[in-house]
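The same chain A turns up in both complexes below, where it pairs with chain B and then with chain C.
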Partner chain A sequence: MAFINTTTFSQPNANALLEKVDENMASENRISESTMIIHGRRDSRTITARTWSVGTEKSFTEYLSPAREQGTKMLKLEDQLWIYSPSTDRTIQISGHMLRQSVMGSDLSYEDMMDTRKLTDVYDARLEGEETIGGRPTWVVHLQARVDDIAYHSRKIWIDTERYVPLKEELFAKSGQLLKQTTFSEVKQIDGRWFPTAMRFKDMLKQGDGTEFIITSIQFNQDIPEHMFTKAVLRR
Partner chain B sequence: MIKFLLKGLLRDKSRSRMPVIVVAIGVTLTVFMHAYITGFMGDTMEMNARFSYGHVTVMTRAYAEEAEMNPNDLAILNTQELLDELNTQFPDMEWAPRIVFGGLVDVPDQTGETRTQGPAMAMGVDMLSPTSREIERLGLEKSLRSGTLPSSSGEILISDEFALKLGVEPGDQATLIGSTMAGAMSMENFIIAGTISFGIELMDRGSIIVDLDDARMALDMYDGAGMILGFTPGGYYNNDESIARAASFNETYADSDDEFAPVMKALGQQGMMGPYVELTEVWSVLISLIFILAMSLVLWNSGLLGGLRRYGEIGVRLAMGEEKRHVYGSMIIESVFIGLTGSVIGTVVGLSFAWIIQVYGIDISGMMEGASIMMPSEIRTRITPPDYYLGFIPGVFSTVLGTALAGISIYKRQTAKLFKELEA
Partner chain C sequence: MKLAIKLAYRNLIGAGLRTWLNVLVLSFSFVIIIWLNGVMKGWDYQAKNDMTHYEIGAGQYWHQDYDPFDPFTLAESHAPVPAAFKKEIDNGNMIAILKVQGSIFPQGRMLPVVLRGIDPKQGILKIPTHQLDTVTDAIPAIIGGMMAQSAKLKKGDRVIIRWRDDNGTFDATEILISEIFSSNVPSAEANQVYLSMKTLQDMMLLPEHATILTFADAHEPRPDISGWVHKPRHVLTKQVDDMIKTKTAGQSIMYGILLLLAMLAIFDTQVLSIFRRQKEIGTYVALGYTRKEVVMLFTVEGSMHAVLAAMAATIYGLPFLLWQAKVGWTMPIDTSQFGMAIAQTLYPVYTVGLVLTTVLLVTLTTAVVSYLPSRKIAKMNPTEALRGKLQ
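Right after this comes the complex of A and B.
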């Protein structure tokens, strides 16, 4: 009985855990360069991009390579998303069912990129237990949606007990079917915070070996000019 | 004796003219109906072959598993190499690479912003190669409602109804938004060359026709094709022959475990067409059988009546001492002549009508409005080998059977009562 009580007292509050994770993962703004390696059923493709973002509302991405994608730009302003294609010189707003389409053929959808609400705002968190992932002790947190307009009805997150970063995440449909799985690695201390710089996304409904997302450089809290987040910048 | 019987038939018109006319009409209807059923059902199959399945289709094994979803990420990549191989193995067939994909047609306003957009089903076909027969195969010239056919790269055809919905006309620019074969978003600008209407609601709702090379460019599918459709030289689908061709091709790759190795499927082995081909074969036989049976009953009855009508004549012949067996035999031989003559005339007339409808067709496009399945807007008959002999079944067999049954009464007549009957 004493053991049970001790265990109960040593377990943190699930919501408090998520807030600690947010402190590491979220920032006022950031500039990053990333490499996305998409392992398809037939071959692998590598795409590089540079992203400027402010909070969770504004984000601007410019694709740098390969040649076919070079110059493609993506602008997200709150709940709106536009894509600029240099070959057609057209800017198209992505909405409706197009949001479910894959980003550059990866295991990520535009919808995944758009839903940047804080987890504590849309999910009820419950601590499920402890597990070890890649030699690191983790808390296993189960999240249940409390809003209807959400892509994933429930989630399961494995949070590093010492660094407060996610090491693994599973996303489920209302039916309980596992839709996506993400693993986080290469956790580094950057500007005083722990941050995973490598991720592997796997769309469980898609064949292939998933998508590796590697952050090659990241700078937090930089001075980003406001004009970076206007539609005019897309055609520049 | 045969010469004597023929003379009798020719001189006594009541014994030959009407029976021959009745048999000829029956056989004409039988031959024509069979050609009509074969033609109508075959045309529906041909239409599906020309637009979607070919008489045979070559795809990768992985594509074939999800073919209904047009998974272009699993498409054939070395198309030219495969075409060379197919031309060597099946030199009598024509091959047409195609790419079918879904996307959004986005029409810009003067500032380049989206004015209107709508979902489209796009088909990439070879419209610009001088040797390609795709324009003829899809009947694009006949389906053109406004503008022209694409004459250069970057031009597309859009269904008339869809153009009206989007408010575009030939000469306007549209952006096609889709997915590359790697799954990335693709955008490609096109000029609308013309609008088309196939008279098939399924196709006219929201389809666009793009040149194959433009589709390859848009979907990042260099030398790729979702499928290669094969067409047999006769222009008509033969299920057994196509299945045999597919089996022979697939034998070449039997030892390969590569999921992207090519696989050939006959029309009847694909999607919903399998049950349709089976149904067509069963129904074609069933409807023909019912009609042949009905005609047989009519002609049998005609033979029966013919026999009974000659009751008095037979009585006189028996009274004059002719043997019952001889009378019966001569009636059977006469009915064979009548049946054969009527069947030959009926088959020739039936085939002539069928040939006219096969060549010129009957336009039923006015009746096809609102149709949701791919059906021809023109009815054509199709003359097949059975049409040359099918009419002889009711024509000869039933006539002879009718006469044979009527003739049985000859044996029941008693010579002693003959004069009494004749006096009456």
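Right after this comes the complex of A and C.
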């Protein structure tokens, strides 16, 4: 009996765990440079980009390479998204079902980047157990949607028990079919917080090695001018 | 006139090889024009027949937001089936079809598809929907041959489909390909997966919803229903009509060239006849023929090429045309990529109207071409003609 009690008390609350993860992953604002490697069936493409973001509401991304994508800019304000293409010199708004399209042919959709709601607001979290991922002990948190208008009915997140960063996430369909998997690695301490700097997104229904996302540099809580998040900046 | 025909016939036969060469070229025109038009008629018949049996029935009602050329409209283009049609549906004279976007993952490849919900018990379309009633642990599905080819799927295969319900929530499950049908109608086959209507409505959280209503009876009065657009059969087959019109216009250039060659030969023959037979013309006039009658004689002679050509075309063309109607003409390229209803093998359809029109067209053209050089006779001086002097 005493053993059971000890075990129960040592397990943290799932929502509290998610809050702790949020403290590491979220920031007032950030400026980052990243490399996205999209592994196709025959070859791989590497795209580099610089991103300025404020919370989860505002973000501005400028693609730096390859030459074909260079100068392409993407602005996200709340639930609206615009893309500027230098080859056509036109800005288009991605809306409705276009949001379900893949970003630059990767395993990510625009919509994956658009949901700004906090996980604890839309999912009921439940601690499922403990597992070891890549030699690190993790808590396994199961999330079950409590709202209807949500893309993934349930999720599973493996959270590092010491650093409070996600090391793996799985997204499930209503039927329970695993749809997407994200693995996080290269966890580094940046500005006093632990942060995974490499991620691999994989559409589990498709063949291939998925999409790698590597953050080459990141700065938190910088002074970002407000004009970075206006439509005028797209054509600049 | 009788004499003119008799004389014309004798003169023509007397000209020997020259006549037969002209007749041969002209008979080719007959056969080719009838065959090509027959193929077009056959295509028209086949395309509309296949579309009726596999896609459009006797006509349809579309949800007002439905646009078959824009798959993004599918998410919004559905509504509960109007109460006015409930009776017709219950009687089996109308079927409701729900169309939604989804993805299929054969061999780990993602292919965007349209998931179509259809009543397994329907009898309006020839799609083997009864196979959707199969009881299996996976959802039974039917696909067309074109889809099977592009997705490399065969009967009995299991494959995962993914879709988003009306709330936008992802869902995925395994389907079993219970049947593969062949229809020659790309819009009914390419990237289309047929599921039981009830299953799809449950999957989408859209009970009683439909995108298209296909009816069997074209004669029933069709009321205007708010939110739905009536599409009669001729509107739905307009694409086929337009394509056939374009193809026919393109083909008429070919017949034009063929006819031109034949007419050129006849024109030359006529000019040569009039030049070489001046004494004969003079004799006719001297014997009491009016100039008009001589012109008539030569015109009949020229026009008789068309009659002989029609006879020659019957001798060798008729077996060819009948054989073609039986075995059809298989196109040397893959027609499944054409994007419209066209069979790989087209069976020509010949109508009495087609044959009569062709005969009339060729005979009239020949008559005109024969008449034009004959007009010169009217200006001839008979005395000079009798002496064979060039005029």
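Just so it is clear, the second predicted complex is superposed on the first by the 236 of 236 C-alpha atoms of A that agree within 3 Å, B and C clash if a C-alpha of one lies under 4 Å from a C-alpha of the other, contacts with A are read in each partner's own complex, and residues count from 1 in each chain.
FYI, a contact is a pair of C-beta atoms (placed from the backbone, for glycine too) under 8 Å apart; a residue touches a chain by one contact, two chains touch by 3 or more.
None of these values were measured; they are calculated from a predicted model.
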| item | value |
| --- | --- |
| Simultaneous placement of chain C and chain B on chain A, clash or fit | clash |
| Touched partner set for A:205, first chain B, second chain C, both or neither | second |
| Which superposed partner A:173 touches (first chain B, second chain C, both, neither) | second |
| Contacts of A:98 with chain B and chain C, given as first, second, both or neither | both |
| Which of chain B and chain C A:149 touches, first, second, both or neither | second |
| Partner chain in contact with A:38 - chain B first, chain C second, else both or neither | first |
| Partner chain in contact with A:90 - chain B first, chain C second, else both or neither | first |
| Those residues of chain A which chain B touches in one complex and chain C touches in the other | 41, 98 |
| Touching residues on chain C, where the partner in the complex is chain A | 72, 75, 101, 103, 105, 107-110, 160, 162, 164-165, 167-173 |
| Of chain A, residues touching chain C in the complex | 41, 96-98, 100, 145, 148-153, 171, 173-175, 177, 179, 203, 205-208 |
| Residue ranges of chain A touching chain B (in the complex, touch as defined) | 38, 40-42, 45, 68-69, 83, 85, 87-93, 98, 101-106 |
| Touching residues (chain side chain B, partner chain A) in the complex | 62, 73-74, 104, 106, 108, 112-114, 175, 177, 179-180, 182-185, 187-189, 220, 260 |
